[in-house]
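Two complexes, one shared chain (chain A), two partners (chain B, chain C).
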Partner chain A sequence: MVPISLSKIFDEFPERRYIMFGGKGGLGKTTFSAATAYYLAKQGKRVLVFSVDPQASLSDIFKKDIFGKGPTEIMPNLYAQEIDADRRVKEYQQEIRKKILDMYGMEKIPDEIESYIQAAAAEPAMEESAIFDEVVDIVVHGGYDYYIYDLVPLGHALYYLSMASVYDEWIDKITNLRQQMREYDQVAAVMKRDKEIDEDAILNELLYIKERINKSSGILTDKEKTAFFFVLTPEEMIINDTLKAAELFAKFDVPLSGYIINRVLPPELKSQQIPEYLKNRLAMQDKYLKVIDEVFKGQILASVPEMERDVTGLGMIEKLADKMFY
Partner chain B sequence: MNQITTSMTKYMSDHPKLKYIFFGGKGGVGKTVMAGTAALWAAKQGKKTLLASTNPVHSLSNLFEKDVFGKAAVVCDDDRCFAFEIDTKDTIERSKQEIREKINWFLRFADLTTKADDFVESATMNPAFEESAMFENMTDIMFEDKYDFYVFDTAPTANARRLLGMSKVYSLWVEKMLKSREEAKSLREMLSFSKKNEADPLMDYLLSFKDRMARAQSLLTNDQLTAFFFATLPESLPIAVITRFINWFYEFGIPVGGVVVNGLIQQDQVANDSPEFVLNRVKMQNEHMEEIWQIFGDKVRAVIPLFETEVKGARMVNRMVDYLFKP
Partner chain C sequence: MSEEKKKKGGFFGAVKEFVYGVAAHDSARFALKSRASMEHLFILITMGDMLGVPILPPYYSLRLLPYVVPQISTWKRRMLKEKDLTDGLA
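Presenting the complex of A and B:
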């Protein structure tokens, strides 16, 4: 079966500006993100490809250390960014210290408080909100025609997507509790005038966070603006896992644009003198390519061959982009 | 150097007390298969073995073609080998219930009429809650001590590092909480005329929690009991990833058992007249093998050939044992 072309999707839906690749770890999501960014940049679009994964490999793929350096130009129109969550967490800590010093007119943070601040930094929730903040900053800031999210491995991507709604609910709850507390406090409010102003500031901060979250989670599930592609390979376990994951994504209302098959061995090898392992692999792939055809009927957007060496550096990225977009 | 100095088998015999092993690495390098293989090997050594998955997307059931979600079941001919995919939902519900009870107790203790539900909801909806629930689950399994040997098919390693890093933080937090609880308790005793020194379940919980964390940390950082192995392919991205991971683990004082290379094309299957495609891939792999020997050197424990089909089912995993644990 000849797949519908991937480039056609981009031509037909120019308003889909937020591009994501999902799938199990190690199937080629980051590589596809890089190649898609390359293709769009060559078309004259301004593109940012960014990674929120602490296992990020954009630096390795572009052969340029971009970790924590903000959007970095790779070539004209193509920018790449790897988010350094640790640095953001350090900035939070600095902010907290400054607030404490200002608020209490202290010269130095007491040791006891300092150890609290240190401990809080290692909370996983801190890292998550740092990542979330960075992503929201990027999206809200604007300035690019296309944003390509290099998503973390499946389970984490789901987690990340569900997080948006969880945070939303969480903040709702806290906001409500705070509002209730304010009502109880009203009697004493006159006496604690300053304090009441502080409380309001906190409430305002929560509402501000909520607005930002709504904006970014809105984009993730916006069928008009978002294209989500699933990457898979012709192997039984991968097909099963992909089906499981696609179901879960549907639950989160993520608009699936289609599937891309990766690591397909070049069929012309069959007629050549090839080693035993390759003969068997070809036979196995043939079997599962048929399964994929049946299971994902009409939703396969591209079938990308296994490259003869790993995709790092612009030369190999160009080669891969040529195979993806024809 | 370009040969194995300490094989997987030798490492195991050098560490006879080894009880907890973990597999990490980039997605798609074969972590689950390695973990399955190590579990089968341990069972063959006569050890009652548990292979547990803490990954949010499980694949053990798929690997062994048997449903092990939420319950441990025997997965091979050898009835000493069990596999188990941890059901997070279940754990979360249980933790929620525990927290609800504790908050209710506290509210009664403090003579407050507020309902616990709102607090419980807002505390457990916190996204980090699931992660710590998973960690607790893992330590529960370790403490239960029902098996002689444990193999964890770890979640992607960044997560594992964070979880382990957390145990230090946990004890710091708990100490702080204990201190303020002590203060609150003595204040209350001072204020109450009638009540005698009463039991404090919340304090008991915090204390036992602190103990558990300290115990988990001492197990996980003991290089006689625990080892983290890292799997890679002879390709640049997976190598880069585990190079980073291994450095992190050293920082945390977590014992690194070594590196396992997977998916090496067998030279004897390749001839000079093989197609360009094959020769190029072999050339690439050779370059990356050089890199692997250079970076990891005597930490390489095994080099496993590329199999002609995907590894699936107990029989295939069984075949892998001879490769991962070469005599």
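Presenting the complex of A and C:
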């Protein structure tokens, strides 16, 4: 099996600036994100790799605490960022409180409203939405040649996508309702010969929310600018799950660019004196590598060996990047 | 924005009020009432999680909260009285 070269893909499609790695948890998405960022930075591209996961591990892989510190330089051209969702939610709550106090000249937020603000922040979806929202800021702000998303495990990524399409329809619906309400206002105003009614601030907020959600889901599904890679390992369950996930992603119009196999045991081991256990592992691996070859024909971009130790620190990242891009 | 013009014309003003009262008052009242119902429906579908019905992602519903603060208490009262609000959604 000869994989198509991953570096060739990057050369061929320079306009694909949003790079994402998807796959089940623990298969090496963060590792590949870091290695790809390293490779591109070495090529002289300005790269930002950022985490969309509330349990991010970029700090661990770069051996540098970057949590909540904004884009942090790791080496020339390579920046990494971990979003502090908790802080963003707190700041946002404060913003809302201030707005209410200013709008109504109140001294204190009414209890009923305050408890709503607090309850809303405790929702589990809150953190994810906050990160989702910040990603829009990061991308709109610009300044980098490449944006590498260190994605959440599959389930969450799908949740983001389905959330985006559901919200979109839903917001259309309430925006319509709001517009109808405005028409009634106008009818009443004309009959009573009242002054012109004010602009509908709520309608404007809704349109803003719609634009934000569209922007972030638009990036995930942009066929020209986005490349989505699946990470898998030569194991039966992983192959099956990857197939299922790929189908779902295709349904949401995510542009799949190809698959990368991780944790491949070096075949040269076979010619050495190795214990039975390892022999069995190698035999199993051969079997599933064949399956992968058949199932994902022509879409395998790289096959990355199991490393001798875990990948943390720039030295190991470089080693892995050399194996990924050749 | 225009200031209060009502007191401007004496006789014509009175005629205008009269004509409005006879012809348009009811329709205007109806329009306002429909508007109020829709307002409540709107709050329900954006702030529904206050009643335990989460609909809008809370991150974004918070953005709308400041605008509906005055309506929230009347809305809760109304929700307990009326049952046919969802008709307006279709």
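Assorted remarks:
FYI, the second predicted complex is superposed on the first by the 306 of 326 C-alpha atoms of A that agree within 3 Å, B and C clash if a C-alpha of one lies under 4 Å from a C-alpha of the other, contacts with A are read in each partner's own complex, and residues count from 1 in each chain.
By our rule, contacts are C-beta pairs under 8 Å (C-beta built on N, C-alpha and C of every residue); 3 or more make two chains touch, one makes a residue touch a chain.
Keep in mind the model is a prediction, meaning the values are calculated, not measured.
Of the two partner chains placed by superposition, chain B and chain C are both touched by A:177. In the superposed pair of complexes, A:78 makes contact with neither chain B nor chain C.
With both structures placed on the common chain, the touch criterion links A:236 to chain B but leaves chain C unconnected.
In the superposition on chain A, A:308 makes contact with chain B only, while chain C stays out of contact range.
Touch criterion met: A:99 reaches chain C, while chain B stays clear of it. Applying the stated contact rule after C-alpha superposition, one finds that A:61 touches chain B and leaves chain C untouched.
Applying the stated contact rule after C-alpha superposition, one finds that A:117 touches chain C and leaves chain B untouched. After overlaying the two complexes on the shared chain, residue contacts for A:37 are found with neither chain B nor chain C. In the superposed pair of complexes, A:52 makes contact with neither chain B nor chain C.
Overlaid on A, the two complexes show chain B and chain C touching the same residues of chain A, namely 116, 119, 123, 125, 163, 167, 170, 173-174, 177. Partner chain A is touched in their complex by these residues of chain B: 26-29, 55-57, 59, 62-63, 118, 121-122, 125-128, 130-132, 155-159, 162-163, 165-166, 168-169, 172-173, 176, 235-238, 240-241, 244, 265-266, 269-271, 273-278, 280-281, 283-284, 288, 305-310, 312. Listed in rising order, the residues of chain A touching chain B in the complex are 24-27, 30, 53-55, 57, 60-61, 115-116, 118-119, 122-125, 127-128, 152-156, 158-159, 163, 166-167, 169-170, 173-174, 176-177, 235-237, 240-241, 244-245, 266, 269, 272-281, 284, 308-310, 312. Of all residues in chain A, those touching chain C in their complex are 89, 92-93, 96, 99-100, 103-104, 110, 112-113, 116-117, 119-121, 123, 125-126, 129-130, 133, 163, 167, 170, 173-174, 177-178, 180-181, 184-185, 187-188, 191-193, 195-196, 201-202, 205-206, 208-209, 212-213. Chain contact summary for the complex, chain C toward chain A: residues 1-2, 16, 20, 24-25, 27-28, 31-32, 34-35, 38-39, 41-42, 45-47, 49-50, 54-70, 72-73, 88-89.
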